[in-house]
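Below, subunit A partners subunit B and then partners subunit C, in two separate complexes.
Then we have the complex of A and B:
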C-alpha cells in the first residue's frame, strides 16, 4: 500500500522524456496543422475543407491514394500469406534462409529499391528486354508512369513487412492444434480453414494495418514510378506547401491523411481489438 | 451410451515391423505388436524411447520408414489421419483456443458431417466428463483438469473405434491424475473401443491397462498384462524400469546361480547360463532361519528400516549388494539397523533374467 504513490511518481518521472518528446514533436505540430486548416485570415472557418470537397483534383488524389493502398494491402496479403506459412512450416535452416530472403530487401533503403524498379520497368529496362526476347512486344515502351508501376513499387516495399507480421502470428500457433484437427476428422484444407486461418488473424490484421497505413502515406514511390494520374496525398501536400506555398490547403490535406489513417485504426479496433495484435489474444 | 454397442465398433490394430529414424537416429527398430479390438493398451517407456513416435505413426501424422500399420487387417498406408476414425488426447490438451467448449467438442462431429442431434450429443459428452455448465466458456477460462476433460469429451463424442492418448495426464497434479485415470478407465469400459495410451508412469500403466508394452532403445521389450509384467519380467531392463525389484548380478549354471561373493542360490527364469541378474521382489522376502524348506537363505546386515504403515521396509547389505525387503510390521521385530539376520525367499521367486548389455540405460 505504502509504495503505491511513490511508484506512480517514479513511473511518471521515467515517462517524462517520452512525454516531452511526444508533445514537442507530435501533439504540437498536429495542433498547428489542425488550427491552420480551420482558420482563414485569422478567423475560424471551414472554407478550406469546402474547397477540398469541391475540387475534383483533390478528391481524385484521395481516391487514387485509397485505391492504391487497398490494392497493395490485398496483393501483399495474398502473396505474403503462403510465403509466411511456408516459412513457419520450414525446417530451421530453410526458415533462416527464407527469413533472410524476405528481410534483406527490407533493410535496403526503399528509395534504392524504387530506383531499381525504374531501371527494370523503363523503356530499355530488363522487363522490356525479356518481353521483346520472348516476342511478346515489338516496340519497347515504358512501363513507368502507370498505376501498375506504382503498385509494383508499393507492393515490393510493403511485402516484407506483411510477411513478417504474418509470420510472427503464425509462429504462435501451436502445431498440435492441427494434429488435433486432423485426428478429429478434418482434412488438411478444413483444418486450415477452421483452425489455422482464424488463429493467424492477428497477423492478418496487423499486416494489413501496417501495409495500409504506410501505403496511404507513400511519397517517393508514386513520385518516381507513377505519372500525374497516380499522384498520391503526400505528393499533393508537398506540391501545395513547397511549390504553391498554399499552407492552409496543405494543412487541410494533411488532416485528411491523418483522419484516413485514424479511421482505419478505429475501424480495426472496433471489429478486431488492437490489443489482440500484441498477442494478448485468445 | 453403454449397451448395444457392436464389437465391430472397436478397431484392432496391428503394428507390423515398423522402423523409423530421424536423420541417423533410429527411434523405432522393427516393432511388431498386435492390439486386440476393445483392449486398453499402454505404451510404457522412458522419455525419448519412441512412444510418441509410434503413436504418431498409428495416427498417420508420420509414416514409417519400414513396416506397416493395419486397422482390422487393412493396411493404413496412404490413408490420411482424418479418415482413420480416431479420437485423440494430447499432453498439452490441444483445445482450439478460438472456440467455445461446445464448439471444441462439436468439432469432432462437424468435421465428419455427423451432425444429427449435434447439440444433444455434445451435451451428453460434456455430461460424461461432468462439465455440463461449461458449454459456452472459452478453454482458457478453465483449469488444467477441466481442459483435459473437454479434450476427453471431444475425443469420444463421435464414438471413434480407436482412441489415442499421448500422455494426457502427465501435465496434471497427482490427485487430478488419479481421478482422471479412473474416469478414462470408466469411459473405456462403457465405450468398449480400443484405447492406446502412452505414458512414462509405471503406476499409471499397470493400473489402467489390459496390456502394457514396455519400450526401450527403440524396441518393444515386453508386451504383457500388468500382472504378468510385474511377476514375470523377461529382462533386467523391464524389471528395472518397472521398479521395485531387487536385482543381483550373478553367474548362472543350470538351476543355480552364484553371486560375486560365492553365495549360491536356486533360481528360476528365462535367462540362459552365463551372466544374469536375479530379480527378487521385496514383498516376497521373509526374515528368519526357518526350517530347511529349500528356500534361498542369505545372511544380511540391516542398514536401515523405514516404517511404511502396513509394512516395514528393510534395507540390508547382502553379498555386496543392497537388498530391500518389505515385511509385515509384526514380523520385523528383529530388524534394527546393524542387526545381523537371515533373509529368505523361494527359488521360484528368484528370477534369473538376461543381464542388460551396457548397464542401466533406460531405467526410470
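Then we have the complex of A and C:
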C-alpha cells in the first residue's frame, strides 16, 4: 500500500514541470482571456457575446471557418485514405519511399508551401501558362483570392497529417482478418466494408480531428490565398486586437474559437472515445 | 555621451557619405554607409575601452520597436547606426506592436524609450498619455523645420509616405493610361484586374469619393454612405485586397493586377530596384504628412537616452539617408538640400509632388476610425 502511495508521489513529482508549464502558459492566460470576454467596465456582463451574436460579420466569419474546415477534412480523408492504405500494403522499400513523399512536404515550412501556391495559381502563374498554351484561355484571370485557392492550400498543408494518422491506425490491423473474411467467401469490397474500414476507424477519427482542429485556427493560408470573403476566425481576432484595439471583443471571438475546438473534442469523445486516438481499445 | 559637437560630427559624416555617393544606386549607397559605420565603430570600441564609469553609464541602450526584416535594417543603417557610432549608445529593437505598447503603459512597465509612431498611433498614443513631452533643452529645435512639430511638444515628424496609384506600363505603354481615380473606377475604358488596400479603410474611402467626383478640397468630413456606394461599383473588379507591403510588391512583380495603389516607398523599391513594369500617378495621391513621428515614451527605462536620440532622429541628415534607402520622404525639408533632384522627384514630400496630392485628415480619422474600419471590414466580407 505504501509502495503504491510513494509511486503516486513520484508520478506527481515527474509531472510537475509539465503541470507548471501548462498552468502558466495555458490555464492562466486562458482564464484572463475568458474574464476579459465576460466583463464590461469592470462588471460581469455578457454584452460582448450578445454583440457577437447580433453582428453578421462575426457569424459570417465563424461560418466561413467551419465551412473551410469541414471541406478540408472531408477532402483530406477522401484523398488520404487510399494513400495510407497503399502505404500499409506496400513492400518495405516502397513504403519508405511513400513515407518520404508524404513527410518531406510536411517538413517544409507551410508559409513556403503557401507561397508556392501563389506562384502556381497567380495570374501569370504556372496553371494559367499551361491553360494559355493549350489555348483554353486567352486573357488570364488570377485563381488567387478565392475559396478554391484557400482550400487547395489548407488541404495540401493538412494532408500529410491525415495520411500519417490513418497509416498509424492501419498498421495495427491484423492482416489475417482480411484473409479470414475472404476464406469465408466475402468479396474484396465486402471484406473492406465490414472488416477493414471499421478497424481503421480510430485512424479516421484521429486524422479528422487533427485536420479539423488545426484548420479552424488557420491564419496565414487564408490571408495569402484568400480574399475578404475567406476571412477566418484567427484573422478577425487579429483585426480586432491589433487594428481596432477592441480587446474584449477579440477575447470573445477567441473564446468562440476555443469552444468550437473543445466542442469537436467532446462530440468525438461522446461517440468514439478519445482513448481510441491513442490506439487503445474500448 | 552625444553632445552637440559629436552630433555635428555624426551629421558631417553622413553628409559626406550622401555627397560621395550622389547618383549611385541604393545598394551602392548602403555599402558606403556600412563602410562608414564600420570605420567609426572601431573608434567607438576604443572610446568604450577608455571610458570612465560615468561614461559607461551613458552606454545603457535605448529601446524601440521595428517592423522587422528589411525595414529594420534600413532604418538602422540611416538612423540608428550613425547615432550609436558617435554616442556609444546601442539601439535595441523589439517587434512593433501597438497593443503591446498600450499594455505596457497600462501595466506601468514600459520597455521602450522611443518609437516611430505608425499611422494613427502617433495621435492616439499622445492622447492616451503614453508619451513624454520633448525636452527642448536636449533636443535642438533649430535643426528641425516647423512642419515637423505638427503635434506640438509631443512628437517630431519622421519620414513620410504617400499612398499612390500605380499602373502597369506593359498594359498601357502610351499616354492613354489611367490618370485619375475616376479612371481607376472606369473598367470599360481601362479593363483589367485591380487591387486596393485592406489594411486600413484610409485612404481607400477617400479614393472612392474622389472617383465619385468629390473635389479633394471637400473630402472631409467623409461621406461614408457615398464612399461605400462608390466602392460597391468597383468591388467586382478588385481581384486582390492587400494587407501588407510584401503583398503590394508581389502584386506588382507577378503582375497579378494592372492597377492598384501602394505605399510609395515599397512601390519605388519594386519599380526602380526590382524592375516591375509599373509607373506612379502622383495626381490625387494621399499624403500622410507628419503623422509618422518620433515619440519619447513615458516611463521608459532610459529617458535621457530617449531625448538624446530624438535630438538626432529629426535632423535632415538621417532623413536624407533614409530617403536614399527606402524612398520615404523627409519631413525635415532641409533634407532636400542633401538629395539629388532625380531622387527628390520620386519622394512624396518634394516640392513638385506635394501640391498634386491631398493630405489625409488624421483629426477626422482619429475620431472615426473605429466606425469606418468596422463598416469597411463588414462591407469587404459581405
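In this text, the second predicted complex is superposed on the first by the 281 of 282 C-alpha atoms of A that agree within 3 Å, B and C clash if a C-alpha of one lies under 4 Å from a C-alpha of the other, contacts with A are read in each partner's own complex, and residues count from 1 in each chain.
By our rule, contacts are C-beta pairs under 8 Å (C-beta built on N, C-alpha and C of every residue); 3 or more make two chains touch, one makes a residue touch a chain.
Every value quoted in this text rests on a predicted model; they were computed, and no experiment measured them.
Engineer: Do subunit B and subunit C fit side by side on subunit A after the overlay, or clash?
Structural biologist: With subunit A aligned, subunit B clears subunit C, so fit.
Engineer: If you stack the two complexes on chain A, which partner ends up touching A:183: first (subunit B), second (subunit C), both, or neither?
Structural biologist: A:183: touches subunit B, not subunit C.
Engineer: A:122 contacts which: subunit B (first), subunit C (second), both, neither?
Structural biologist: Once the two structures are laid over each other on A, A:122 reaches subunit C alone.
Engineer: With the two complexes superposed on chain A, say which partner A:56 touches: subunit B (first), subunit C (second), both, or neither.
Structural biologist: The second partner, subunit C, only.
Engineer: Figure out whether A:241 sits in contact with subunit B (first) or subunit C (second), or with both, or with neither.
Structural biologist: second
Engineer: Now for A:22: first (subunit B), second (subunit C), both, or neither, which partner does it touch?
Structural biologist: Neither partner.
Engineer: Once the structures are superposed on A, label A:228 by its partner contacts, choosing first (subunit B), second (subunit C), both or neither.
Structural biologist: second
Engineer: A:142 in the overlay: touching subunit B, subunit C, both, or neither? Say first, second, both or neither.
Structural biologist: second
Engineer: Specify the angle subtended at the CA centre of subunit A by the CA centres of subunit B and subunit C, expressed in degrees to the nearest 10.
Structural biologist: The vertex angle at subunit A equals 150 degrees.
Engineer: When both complexes are superposed, which of subunit B and subunit C contacts more residues belonging to subunit A?
Structural biologist: Counted on subunit A, the partner with more touching residues turns out to be C.
Engineer: Of all C-alpha distances between subunit B and subunit C after superposition, which is the least, in Å?
Structural biologist: After superposing on chain A, subunit B and subunit C come no closer than 47 Å at C-alpha.
Engineer: With the touch criterion stated at the top, can you tell me which subunit A residues are shared between the subunit B interface and the subunit C interface?
Structural biologist: none
Engineer: Report the residues of subunit C in contact with subunit A in the complex, numbered from low to high.
Structural biologist: 97-99, 102, 193, 198, 200, 239-241, 243, 247, 250, 254-257, 370, 373-374, 377-378, 380-382
Engineer: Contact residues on subunit A for subunit B in the complex?
Structural biologist: 174, 176-177, 179-188, 190-191, 194-195, 198-199, 282
Engineer: Given the complex with subunit C, which residues does subunit A contribute to the contact?
Structural biologist: Per the stated touch rule, the residues are 55-57, 60-61, 118-119, 122-125, 141-142, 144-145, 223-224, 227-229, 231, 236, 239, 241-247.
Engineer: Would you tell me which residues of subunit B are touching subunit A in their complex?
Structural biologist: 59-61, 80-82, 86-88, 90, 92, 94-98, 107-108, 111-112, 138, 140, 154-155, 158, 164
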